[in-house]
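Following: one structure in structure tokens, then a few remarks.
Chain lettering (A, B and C) follows the sequence in which the chains are written, and residue indices restart at 1 in each chain.
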Amino acid sequence: MTSQIFSPGLQQTLDLIGIFVFALSGGLMAVRKNMDIFGICVLAEVTALGGGVLRDLVIGATPVAAFSNVGYFSTPLAAGLVVFFLHPEVERINRAVQTLDAMGLGLFCVTGTVKAHDYGLSFVPSVALGILTAAGGGVIRDVLALESPALLRWDREIYAVPALVGATAVAVLIGTGHLDAWTATAAALCAFVIRMLALRYGWRAPRAWHRNGSRTSEE
Amino acid sequence: MTSQIFSPGLQQTLDLIGIFVFALSGGLMAVRKNMDIFGICVLAEVTALGGGVLRDLVIGATPVAAFSNVGYFSTPLAAGLVVFFLHPEVERINRAVQTLDAMGLGLFCVTGTVKAHDYGLSFVPSVALGILTAAGGGVIRDVLALESPALLRWDREIYAVPALVGATAVAVLIGTGHLDAWTATAAALCAFVIRMLALRYGWRAPRAWHRNGSRTSEE
Amino acid sequence: MTSQIFSPGLQQTLDLIGIFVFALSGGLMAVRKNMDIFGICVLAEVTALGGGVLRDLVIGATPVAAFSNVGYFSTPLAAGLVVFFLHPEVERINRAVQTLDAMGLGLFCVTGTVKAHDYGLSFVPSVALGILTAAGGGVIRDVLALESPALLRWDREIYAVPALVGATAVAVLIGTGHLDAWTATAAALCAFVIRMLALRYGWRAPRAWHRNGSRTSEE
């Protein structure tokens, strides 16, 4: 999250919003799983920061940003407390949370790809780390809650595809020398819009060919 | 585990005791899950060393201490063999194992916080890494055994709170320049005593506000 | 995977074959779990590269080889597509896949041990990282699929023991100064043959002593 496409203040603000919303989704999962306040805070932390931590570990950016920046680390705790005291209200505005989550998805797939490229990774691995930054925290959340990771399930609206599109767009922009604040924003918006459309129209990814019912989703 | 609050020999001895006891709890979980001897040794290793490995990865202390120190690595194997041959006896002294486990909890939340601070982390992240050092191995053990992590469950005696108290005490001691062998021991003892009291009196952390039955635990 | 026991071209070829086959087993698990194409590719990636990534993180070899080498990263995607379109055919040649998987096991326990030693680890940790390289990806695959890790189950043919034998052989060869392309190949073959015999004759590891039925496997 060190790469400066945006001004430092704007970047930090966007990061914190994304982290806060991801943390809400982690805290809500903990409430559904009947965990205590500590479980809520832990799931909030891992959901919000897990993707960035995995990215930083893979590229060797240690100490990882999530732990060296107090704001990044404290924000999920605040989100955890919000869920602890107000979880029925947070559930009620679930549609708003999903919209904000889609914004976090767009933001993090862009910043993750840029940071991976800054550390010398080539096209395909940079895209993969962009997706990992955006989606990794949710996978850790699901594993700790003993849920089948939503990212991998065919019966959930696509989450990785928007991240893939956004990350690929950024990697192409970097490769062609056109990455700036405006094009990065466009890439993030692109991922955001695809995710919102997927939620709106129930878009799903196909299952394995020949599998009973798998082709119907493409006809 | 490199920070020298205690003399090197004493530190090493304490570390090995803590590692051995954590490894016993991992091995016992493997026996309950009907795993073979290799599963017993793997769960012993990850339970004993997992928290320290995660901490070292996050702060960038590689190769991680658990793998560069042969004693640290071999001790869980010894504990695994003990469980393999003597698990009914180990189960029988479960109360003693829990007491030793509480000692390991106290020790590792202190040494984890100190090491995180040595690597330049600030107050809150250092405390978080102290908790991670003490409790992370148990979470990995539970995930590999497909159990809901005891750390996150509301129906288990609090485990993170003692670690939080111990780690916070150490971080305050560092901040005020009062950390030495005596105050560090006091912080570890503090965590140990809270954990023992929690086990004795069944202390639990509250679940989310408004949730059915959650407030009764606070009335 | 940087250590040059073999010529660079041969090493790369062997690595890619091993990665491809491991990825097939990950993709097949995803199909059995009814995941979508993205889940298939993710499980193919983590199964094929997870062990090497964990090894590189532990020894501090970042950015990890799996992400800095485009070939390593792209191969599992190709395997994922093969599984997506042809999974009934891949299931049908399951015996051939198991044979190739055993070859990957032999190869990676050797290269993992060598790389760990290159990074300064001593005998026992190097052997452990050799096993981790060979078996770690399968454990992550099983955790993400919410399956009890096959590596730890007593009712599956031994997987870790062949890796242990191969890795120990390599560590002894390094210690005695006899490691070269021929002896490394012999160590890998040794692990391969033990794994194939285990599959052929249903070899299993013992469960904890005194446990009902555990001794029968040794009588």
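FYI, contacts are C-beta pairs under 8 Å (C-beta built on N, C-alpha and C of every residue); 3 or more make two chains touch, one makes a residue touch a chain.
Since this is a predicted model, take the numbers as computed values, not measurements.
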Chain contact topology (line, ring, star, complete or other): complete
Same-site or different-site touching of chain B by its copy chain C, using the half cut: different
Chain centre separation in whole Å, for chain C relative to chain B (CA means): 30
Contacts with 2+ other chains: residues of chain B: 57, 60, 143, 146
Complex interface listing, chain C residues touching chain B: 57-60, 116, 119-125, 128-129, 139, 143, 146, 148-149, 151-154, 158, 160-161, 204-211
Footprint of chain C on chain B - complex, ascending: 30-31, 33-40, 42-43, 45, 53, 57, 60, 62-64, 67-68, 70, 73-74, 83-88, 143-146
